[in-house]
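Take a look at the structures below.
Each of the next two complexes has chain A plus one more chain, namely chain B in the first and chain C in the second.
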Partner chain A sequence: MAEEEEEKMAAAGGGCCLRPFSCEQGLLSRPDGSAAFLQGDTSVLAGLYGPAEVKGSKELPDRAALEVLLRPKVGLPGVVERSREQLLRQTCEAVLLGALHPRTAVTLVLQVLSDAGSLLSCCLNAACMGLLDAGLPLSSLFCGVTCALDPNGAIVLDPTTRQEQEARAVLTFAIDSTERKVLTATTKGSCSVEEMQQCLVAAQRAADTIFQFYRDSVRRKYSKS
Partner chain B sequence: MATAFKTVEPLEYYRRFLKENCRPDGRELGSITTADGSALVKLGNTTVICGIKAELAAPAVDSANKGYIVPNVELPSLCSTRFRSGPPGEEAQAASQFIADVIENSQMIAKEDLCIANGKLAWVLYCDIICLDYDGNILDASAFALLAALKNVQLPSVTINEETGLSEVNLKQKNPLIIRKHPVATSFAIFDDTLLIVDPTAEEEDLATGTVTIVTDDEDRLCSVHKPGGSPLTGAKLQDCITRAITRHKEVKKLIDKVIKSIKPK
Partner chain C sequence: MKATPLSNCERRFILRAIEERKRLDGRQCYDYRNVRISFGADYGCCIVELGKTRILAQVSCELVPPKPNRPTEGILFFNLELSPMAAPGFEPGRQPELLVKLNRLIERCLRNSKCIDTESLCVVAGEKVWQIRLDLHLLNHDGNIIDAASIAGIVALCHFRRPDVSVQGEEVTVYTPEERDPVPLSIHHMPICVSFAFFQQGTYLLVDPSEREESVMDGLLVIAMNKHREICTIQSSGGIMLVKDQVLRCSKITAVKVAEITDLIQKALENDQKVRKEGGKFGFAESIPNQKITAFKMESATVDTNNVEEQAEEIITKADPPSEVFAKPILHTPGTAQIGEGMENSWGDLEESEKEEAVEEEGESEVTAFECEKIETEDTSTMRETKDEPIVLSDSEEEEVVILEPQELPKKTRTQTSSKQETTSKKAFNKRRKKKRAAH
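Take a look at the complex of A and B:
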């Protein structure tokens, strides 16, 4: 599966291309939806519960209460994880049609299995595939793309940990599937306005490849059973 | 009548105002309230105070020539009914992380400047940012407060006695910190997926469909583009935000310079 993707991307991409990625949906039996997403050596496992009963004061009268938990590979979640949880939650909330399930809870648990760069975009992709697998109503899909600007100013898509460390700036975008607009953006390091816009265009182009992969992956899953 | 309308249909209430190109608190769209105070920043009702404490510590082994900057944003239960006392909640933690990212991304202070003796002694700057009154736009207010407070810092000179190996602090001779960049944050609330309003109040943030925060430095470079979810935006809209953030940066920088100048002769 991964090799197939790699070939496709080499054919389409040219200079800047994504690492090979693969995805497996519905691999866990307990959650209502689950997905494992791999980008190169980075891998994240997503488990999704819901719509389920709400505990305590989290109940919202007009929509489903979404909770995102991000578990690091080792140790306990800290401030970095908490801030990423907020980012992921607000991204999912933007596409989830929560109003169709008022007074329920949706819990998304993301477990980092290995981090070899572009972790946040991998989390975003795993989250979207998890939502898709759970069959929750969504207004659109989204994908995460990380771009790094290397010291020469060239754009590296889906960088490895090493490329991230060497980079002047690392930008992560979440792109929606309907109009290729920016759902989420977060940056590390500083860059000029033009460089940011170039990265955004590169990310939007890469998003097409990822959405095609989503489509193929789902098709494969349903044609099997 | 207006209050009843606001209670029943808050979103519609706002839409009526926005259609007339103004906001319920009387500001026009795009107008900016400016900061006031040295390390106490007020943006409308939002009041944030920033205190910086300097301590001496041994630098980390892997970065022997660097000091530390430890920012922390507190949203105590005093500042709004939405926060409870106890350990910091998600919003406070996310704000702390944002401030830490701004410091790191902008390189506003070179950590090498905080080093006193290589591998032996360095300054630790604890930047405590406490919100006193929460009325939205906490990220902008915190970033301003931090910058204003850092501009204000006077560190005593420290020398290491060659013979005894002990550090000697000369409290009479104080030096200001070298601030290399002046990052300024500008937040926008996205209203009904299209309208961007700058410096939103808490009420506007609640009704908005998303927020964007742009941090720019003196050379108009981007130190941070922070858009945690919410309504999708096109690249052009994002560009619009950046252009407005750059204008805002100039105003804030002017204000900070003015304030710093006014307190200098002491």
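Take a look at the complex of A and C:
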């Protein structure tokens, strides 16, 4: 199946093609907000509790304390998960209007359902859809876009695992919805300043498609049929 | 986060309903909730939904040396996790009593029933065997975790394929899925747990209790059985006295439920296998119902990246060139070097700093603190960048640093009464600045 997708991408020209996206909101009954986000075969489930009572030591007097937990599918969370949790937390904190709920806790739990490349951007998208489903006040939305630079220097958006392995550099950006500004940037591998700017421009364009997808899925959720 | 306790009136309401042979979700006493099984794209990955209870299972394998006392047997490892996603009361990193109990029960159900042939997992006796690891994650807790976990566990084990291996003399070759088709585990039978909740000291019995019913029940009886009507595990907890008839009746109900569930599992497995063989679409994306309004799908979308290069070039040319770096390290002694000697401060005009040294010190320390902060934010890569003019922000930073110098000494403000208004306004301005900096 992965091969088929790659062929399709090659046919699309330049490899700049997002895999099929799907999203289901409010699928869990216990959390206050939940969303499953799928990018091709990569899928992440997000569950969110809050704003709720906070444990004494975590309480912040001026804003809501946001906790992000990323659970791998096999084994216990390790260093990679911890660092991604930090990254996701800082991104969410940038858009979450936590000052409206001081002395509360917001817990966001992300469960990896399957990893077929671009996992971090899928986590970011699931987190945003989860925040949206929970109805928490946000200053803007954000989306995650992963770009890979293949050995020839061509940009591949939303790469699969194999494309990520073959790539010279993998860049992930979180982009906000109001001005398409960069909230988070993280890179793996080496690339020049020009290439990074090119990836950024490509990511910003892909963000338009993703935000349209957000809009359409939320519109469908609040539609009558 | 704390779990919400059940209020007394809720408790009374549920118990009264049970006495009247009614259940909150409209089921009869012996009804099981709907079971839905969906498979992931990987082998050995499935999500089982039992009503609203949802469990993710993933099987993985690894070649390890066997246990010294059992050199020809593979190793099985089961792990059930109560994710904090499942209920607000579950905390990460803690092992509540419930979790220990559930893990033990899973182990008894799947390991001690000998449903998996461990001898077939041996590659080289005494040297290499397969370790099969089953991870179960509770995603949503709506009661009866153990039944859902046992179904998810056995489904994932049946669905799993391990890489094929061949042994030639001393050499062990593990084949990738492309080289040779992976092989399924040999599973003798499928033990499935069925839970019974007892109320009023065993007077009333409910099959497949929901979360609310579990919180008011007196006792729980779990029977694990396979479709051949063989009991694999039986456990009664909660300290209720059950009569023999009650246990026998439960085992009869179990047999019926297990037969139904086994049929369902086999059908689901066959379906998935058929789709995979025919090269159709499979994975979680296919199991999302299309007609639900909470679900939305988008086909593969193309993104136009034709003139990305030009746009990127434009941004780079618009941006100010990076400041020149005078990197002339002075090597004091081997292992100790110094850089930045004799460099000019480009952060602002600090000519008057000599005569206001005392006051300045504070400001300067803040400058350095600010500098550090700037570097830090860049390091953690949560920088904000403007799309068109990414340098604007750094300009404003410089501006702020210029304002860091207090225009007047505090001593002066005390003596100059005539220009009081002006100074107070300035003071206020400085204060505001400081506050802003603190906010940074």
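Keep in mind that, in the parts below, the second predicted complex is superposed on the first by the 208 of 225 C-alpha atoms of A that agree within 3 Å, B and C clash if a C-alpha of one lies under 4 Å from a C-alpha of the other, contacts with A are read in each partner's own complex, and residues count from 1 in each chain.
The rule is simple: a residue touches a chain if its C-beta (ideal position, glycine included) is under 8 Å from a C-beta of that chain, and two chains touch if they have at least 3 such contacts.
Small disclaimer: the values here were computed from a predicted structure and weren't measured.
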| item | value |
| --- | --- |
| Touching partner for A:122 - first (chain B), second (chain C), both, neither | neither |
| Touched partner set for A:27, first chain B, second chain C, both or neither | second |
| Which superposed partner A:91 touches (first chain B, second chain C, both, neither) | both |
| Most chain A residues touched (candidates chain B, chain C) | C |
| Touched partner set for A:197, first chain B, second chain C, both or neither | both |
| First, second, both or neither for A:82, with chain B first and chain C second | first |
| Chain B versus chain C as contact partner of A:171, first or second or both or neither | first |
| First, second, both or neither for A:181, with chain B first and chain C second | both |
| Contacts of A:189 with chain B and chain C, given as first, second, both or neither | first |
| Common interface positions of chain A, toward chain B and toward chain C | 87, 90-91, 94, 179, 181-186, 193, 197, 200-201, 204 |
| Chain B to chain A touching residues, read off their complex | 90-91, 93-94, 96-98, 100-101, 104-107, 210, 212, 217, 220-235, 238-239, 242 |
| Chain A residues touching chain B - in the complex, by the definition given at the top | 79-80, 82-83, 85-94, 171, 174, 176, 179, 181-193, 196-197, 200-201, 204 |
| Contacting residues of chain C [partner chain A, same complex] | 1-2, 40-42, 45, 47, 52, 54, 56, 58, 60, 81, 83-88, 92, 133, 135, 137, 139-142, 281-285, 288, 292-306, 308-309, 311-313, 315-316, 380-387 |
| List of chain A residues in touch with chain C within their complex | 1, 5, 8, 12-14, 16-31, 34, 36, 38, 40-41, 43, 45, 47, 49-50, 52-53, 69, 71, 73-75, 87, 90-91, 94, 105, 107, 109, 111, 113-114, 116, 155, 157, 179-186, 193-194, 197-198, 200-202, 204-206, 209, 213, 216-217, 220-221, 223, 225 |
